[in-house]
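Common to both upcoming complexes is chain A, partnered first by chain B, then by chain C.
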Partner chain A sequence: MRIFEKRILWEIAILVLLVFGALAVGGLIIYIGTGVGPLTAYGWLVKGAFGNANAVSETLVHACPILFIALGFVIAGRCNLWNIGGDGQLLMGGLGAFLAGYYLPLPAPLLLVAVLASAFAFGAVWGVIAGFLKAKLKVNEIVTTIMLNFIAFFIIDWLVLNPMRGPMEIVGAQSMSDLLPQSAWLPRLIGGYRLHVGIFVAIAVAILAYILLWRTPFGYRVRAIGYSPKAAEYSGMNITRNLMLVMVLAGGISALAGAAEVSGIHHALRSDIAARGGYASVSYMATGIIAGMLGRLHPLGVIPSSIFFGALISGGDVMRYLGGIPYTAVFVLQGLVFVFIVAGEILIRMKVRR
Partner chain B sequence: MLDLTRKIRNVVSRGRGGKGRRVQKGLLEGVKRGETVLEMKGITKRFPGVIANDHIDFDIKAGEIHAILGENGAGKTTLMNVLYGLYQPDEGEIRVRGKKVTLESPKDAIDLGIGMVHQHFMIVPSLTVTENIVLGLKSSREPLLDMDRAERKIVELSKKYGLKVDPKAKIWQLSVGEQQRVEIIKALYRHAQILVLDEPTSVLTPPEVKEFMRVLKRMARDGLAIIPFITHKLPEVMAVSNRVTVLRAGKVVARLKTKRTKERDLVKKMVGREVLFRVKKHRVEKGKMALEVKRLRALSDRGLPALKDVSFSVREGEILGIAGVAGNGQRELEEVITGLRKATKGKVIIRGKDMTNRAPKEFIDWGVGHIPEDRLERGLVMDFSVAENLVLETHSKQPFIHKWFLPFEKRRWFLNYDEIKKHAKKLIKDYDVITPSVDIPTRHLSGGNLQRLILARELSRKPKVLIAAQPTRGLDVSSARFIREKLFEQVKEGTAILLVSEDLDETMMMSDRIAVMYEGEVVGLMPAARAKREEIGLMMAGVKRMSKKAS
Partner chain C sequence: MIEVIETVGATGIRLAAPLLLAALGELFAERSGVLNLGIEGMMLMGAISGFWTTYITRSLFLGVLAAVMVGGLMGLLMAFLSVSLRANQIVAGLALWILGLGLSGFIYRAAIWGPYAYPTVSTFGATAIPGLSGIPVLGPILFNQSILVYLSLIAVPICFFLLFKTTWGLKVTAVGENPGAADTLGIKVFRTRYICVIIGGILAGVAGAFLPLVWMGSFNENMTAGRGFIAFALVIFGAWKPWRILAGSLLFGCIDAIQMRLQASGGIWIYSYQFLLMLPYILTIVALVFLSRRAGAPAALTKPYVRGGE
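So, the complex of A and B:
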């Protein structure tokens, strides 16, 4: 056992080192671009992420959808499926959450369960489309999940512009639907802050996902198929069925991010819930996938990595207010972390010598 | 990944020990027969926790065949890699014609005149013989290729040594024996004076082996130094080599003139104790029909007919051996009768039940055990722990499931890792699997141990029918023997075994009856007692066939 503990410590040490490497290069870029010294900039970033109660609240608010999407990515990844459909699943989950919250005449606690369940179901359907195509027709899941993102976006976009258009308009932004009744809002934890229960649901789901993958026969099969589909087939596992089930779970869990956004933050359906700050190409999905990689494709590993990226986002806001550093700096940092951990794979896998 | 680390290691050691000294090209030009061309002195190579090579001395003269013999893990591969420049020794030196050399990469070895024929050929199937041979070499007409000239040279070489091969043929069209010849010509084309052969006869049919031996002798007569590395298949090499060096646990345990030794003594030295070369076969009462295959047809991965009306049957307590050169439908047969491949026609009847084209799980539940040919890809999940691998088929059955939800007997919710580990600990003890713990990833185990693991898992399910494909291929003598003994024990308990093996000696020794496969057909079926080696060899090569009713 000792060797495994060493292994894990080694991995964590290397990952931290890589993140610092990315931040160092990012700091240099920020300095070249804006003239702000890296330490000053990162000071603002840390302050913005953890400096006061609101900062911490904002960090966790952003970490929540990232964590859900990272988990959807991780579960599929453990079965060797690349779920790049987080955006689409999030959007469909948002739709599911809204429909349940808006139309179901249930008392508050039950309604919230229904909201989450409905979001899960919508995302599961979205995920299993790719799962079905992969399992039955061997269509590459990367392509289908990405394409389904676009389909989902335009469905939601059309819905909120046409049949579901609400009375309110956001100045300079897309339309949104009518507001959800208050009973369908995810409870906020501290008055005045946006922090809602979603992050705790996400952490609970992460723990459940861990148990599912490492303590149940189903998880055992998922991992066997992920590592070696031929051996899994040999030992009598039903690969088609399991691939589809994995995509049901992955899609459903990613979709909870949509429920968190719709029912926890916006209280209405909008087509820009997946994208952040109007940058369609940098969405919660992109961040979630990077968080999944940084978390070493482990359901518990993605908890800290999602919080890290949540911090980056909320801290990035403060960097902008205080130093005029464009928000895109955050995307640069994210991209650098990705490049560093992918390139650093060789270090992570290096043998631990005694 | 491994390659990458190795490359990095190479780069590192290059920076350290190289000092810019290049290997002298053509050091071996104009060697005379009988001159010592290569010496290795005190070669020592350590890996974390093991000494793979411990002060190994070795020398070879031009015109000599000097075999290196050893079990898996005796240090052969390491020594070979040192000789080919893939590893740098920690101690010791290599001398070529008395001059000390440093081999920093295979390129250095090739430049010096050391040629290597790998066990798994390093040739491109879609290219022609000539294209493969000139691959990576400068042509005389840069930047254009000069195929005519290359072809002429290839023909010249092949005539000189009797290495018959068509330079225009594509590799995939060639038999394994021909592919091996291409590899040898490739080395000769690069002016190899020292030829290293890794398990050269393990893939050949008996007639091909004879032919190969002739070629070896001819090359030696012409002044080449030849070093075959061998794990098993002793007899052939015994027949041609002048000297043998035996390795065990990283050390040289014997160096002998072949003429003055017996095969048995060599094996004893290799294994370190007396090993019965032949496992005792017991007569077992044959029982009911266990496995019946009727006019079976199936397609290969490429969609070509791979099985053409294959029929045979195996009774309880019987071993039916399937002999044949690899690629004649054995793999497809193995897969069809375990549910992994669809039959296009015909029937598979197991213990009275029609199992044609059922799912693998149904075969497993109906008592079919399977030792797959492809151990690493099929037989094991290499990233799973040893314990996890031992419950691949049974992980959702008692006792490996927690009984926490007893009222819902059918709910198989949580794995009971305590039981899984207990099960694993018992099996690794019973099957002498050497592993530091049942929790380590299976990929850290050696070949013999991996196969014991598969055997342990399959036999622990108490199969009624066992499909064993290449159960001892590439294993050291003691692992192979262990596995054969276990198979015999199983037969005594009434299991029907279908033994698919390329090793004709094994098939003849173990089987009650032998079926020979050639190009997807059973071309002969006979009781092992009446089988003659040469006859089976001819059938395997497609020269001869028996009438269908002979069984």
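So, the complex of A and C:
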């Protein structure tokens, strides 16, 4: 079987080792910061991630937006575009999902399709702004996508505080929109748990993205441009068109994370959907980017890595209320994993060259 | 009217100073051929270490010193990843950003934050320069600022001199343009890049410390709010030249000051202040659209150097 080529096994082994290295350093930092021993802390973390049905449900609930954003990062990354706009695309997707779910008079199954399509369209528009500026004017897409995150946040924040603010008896003091009708809610899988169908949509999109990138002429062009734009251009490929198409796809797929949050979790539009746990400090986007890197910029590789980071987040919740460990500890762990895999890249390269 | 110009100008310079410092730091790194996308994270680490140190010792000087050291360490890590390990510079920068974001928030929560008190420190006060601060309009704008603002402004000619008028600056340019040729001439490519990236980290750290120690007197998670990336854009906007970076930062500072002034004026802005807050981010994109096709980027930017070639 191709998937078990020696090279891939070697890569996976190194990545697992690097993640453990990061967790070891992170455990030390948690110990210094809070006085809780690493084994105790990580015991809580594992319990909170996989300990019971609700823990598993929460792990997958968090993995869902991470996976969408990681896919949006990976597709652009394969074309050598750095899509750091996951937050803005997620927020715009949330807006698109809400508008479709709230205003379209459609029966439930069709309405859900419309919700996802509308989210995709809103995110695609937000993504293609950066794609257009990059392709036509050579404006650095890292800067534009990051700036668009802030702009999207302020737009949504204004909307949910002013024209789209829900009725007082529902939203109270919170800044959020009215609730979506039940027919626009993504179905939950097991009664009492938050797990909704979004994660399966995300996995399906990951498989589709793999087929698109590795089994179609378009995907071949995307990767060719990513590998060497000059060579691709000499061979007659339309760089501008392809860059913009890639950002349409990347923005649209990241935006499905917004649909998952609005239609699957909150059932309303809020401005804090991109950042979980009520802390604005690290967003699903940051996690999605790391998941993309840990998944080796591969649409299938990001499935396990997103579930890993989903587990880290739901486990982090339990570390907080059982051990009083600040929620931000999870962000430290994420950052360390990122630095470790960047540093460990040299090990992987050494092996591949042989 | 004059009073409005004075306050907006003075606030503008105060808002421009950290952008300027961070952008000058980025300039060093980039001219040596290393794209440092981690400034945001370095600024956050500078902010938390500056705030924490000042909170404990009650000394602003020690706070800035801590920011210098921690910023320098972040720069060292960036240099290690991108120069020694030859990691992709964009990825390494993103990693430092997210590490700084997480670590600064964790330190704040674990070491400083308490549920019943909102920790604050007293900030750098204004130091009027005798004689000059009395000049109408210019005096209050330029010569009645905090020491850190003066330092950031003085940093511009110093950077210009170092990078363009000294042999060392010439070596940095050579390393950033053609590291192979520079190596042949006996210039230490790795050492030059390490030094430049560490200088970048130090300046980003001080820029970060600016936020709690000059502006706010307190720390918030993710308090830089994208300023590191605006500084990054300013280097492109400024075509890799210190004086143009100064002009760019002042433009941003003043726009920011004007939007703050408008917010305070009330009226329709009470309900739509969000449109004022998004101005600097829109301006960043617009500025790059109009100016980013100009050449000026070091030729070897983002390219790791391997001795003997690959």
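Simple rule for what comes next: the second predicted complex is superposed on the first by the 338 of 354 C-alpha atoms of A that agree within 3 Å, B and C clash if a C-alpha of one lies under 4 Å from a C-alpha of the other, contacts with A are read in each partner's own complex, and residues count from 1 in each chain.
By definition in this document, a contact is a pair of C-beta atoms (placed from the backbone, for glycine too) under 8 Å apart; a residue touches a chain by one contact, two chains touch by 3 or more.
In this text, all values refer to a predicted model and were calculated from it rather than measured experimentally.
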| item | value |
| --- | --- |
| First (chain B), second (chain C), both or neither touched by A:230 | first |
| Chain A residues touched by each partner, larger count belonging to chain B or chain C | C |
| Touching partner for A:216 - first (chain B), second (chain C), both, neither | first |
| Contacts of A:331 with chain B and chain C, given as first, second, both or neither | second |
| First, second, both or neither for A:346, with chain B first and chain C second | both |
| Doubly contacted residues of chain A, that is, touched by chain B and again by chain C | 346 |
| For the chain A and chain B complex, residues of the former touching the latter | 1, 3-4, 215-217, 220-221, 223-224, 227-228, 230-238, 346, 349-351, 353-354 |
| Touching residues on chain C, where the partner in the complex is chain A | 37, 77, 80-81, 85-88, 90-92, 94-96, 98-103, 105-111, 113, 221-222, 225-226, 229, 232-233, 236, 271-272, 274-275, 277-278, 281-282, 284-285, 288-289, 292-293 |
| Parts of chain B lying in touch with chain A, wherever the complex brings them together | 1, 4-5, 48, 338, 340, 359-365, 370, 372, 374, 377-384, 388, 392-393, 395-396, 401, 412-415, 417, 437, 439-440 |
| Complex contacts: residues of chain A adjacent to chain C | 29, 33-34, 82, 84, 133, 137-140, 142-144, 146-151, 154-155, 157-158, 161-162, 279-282, 286, 289-290, 293, 326-336, 338-339, 341-343, 345-346 |
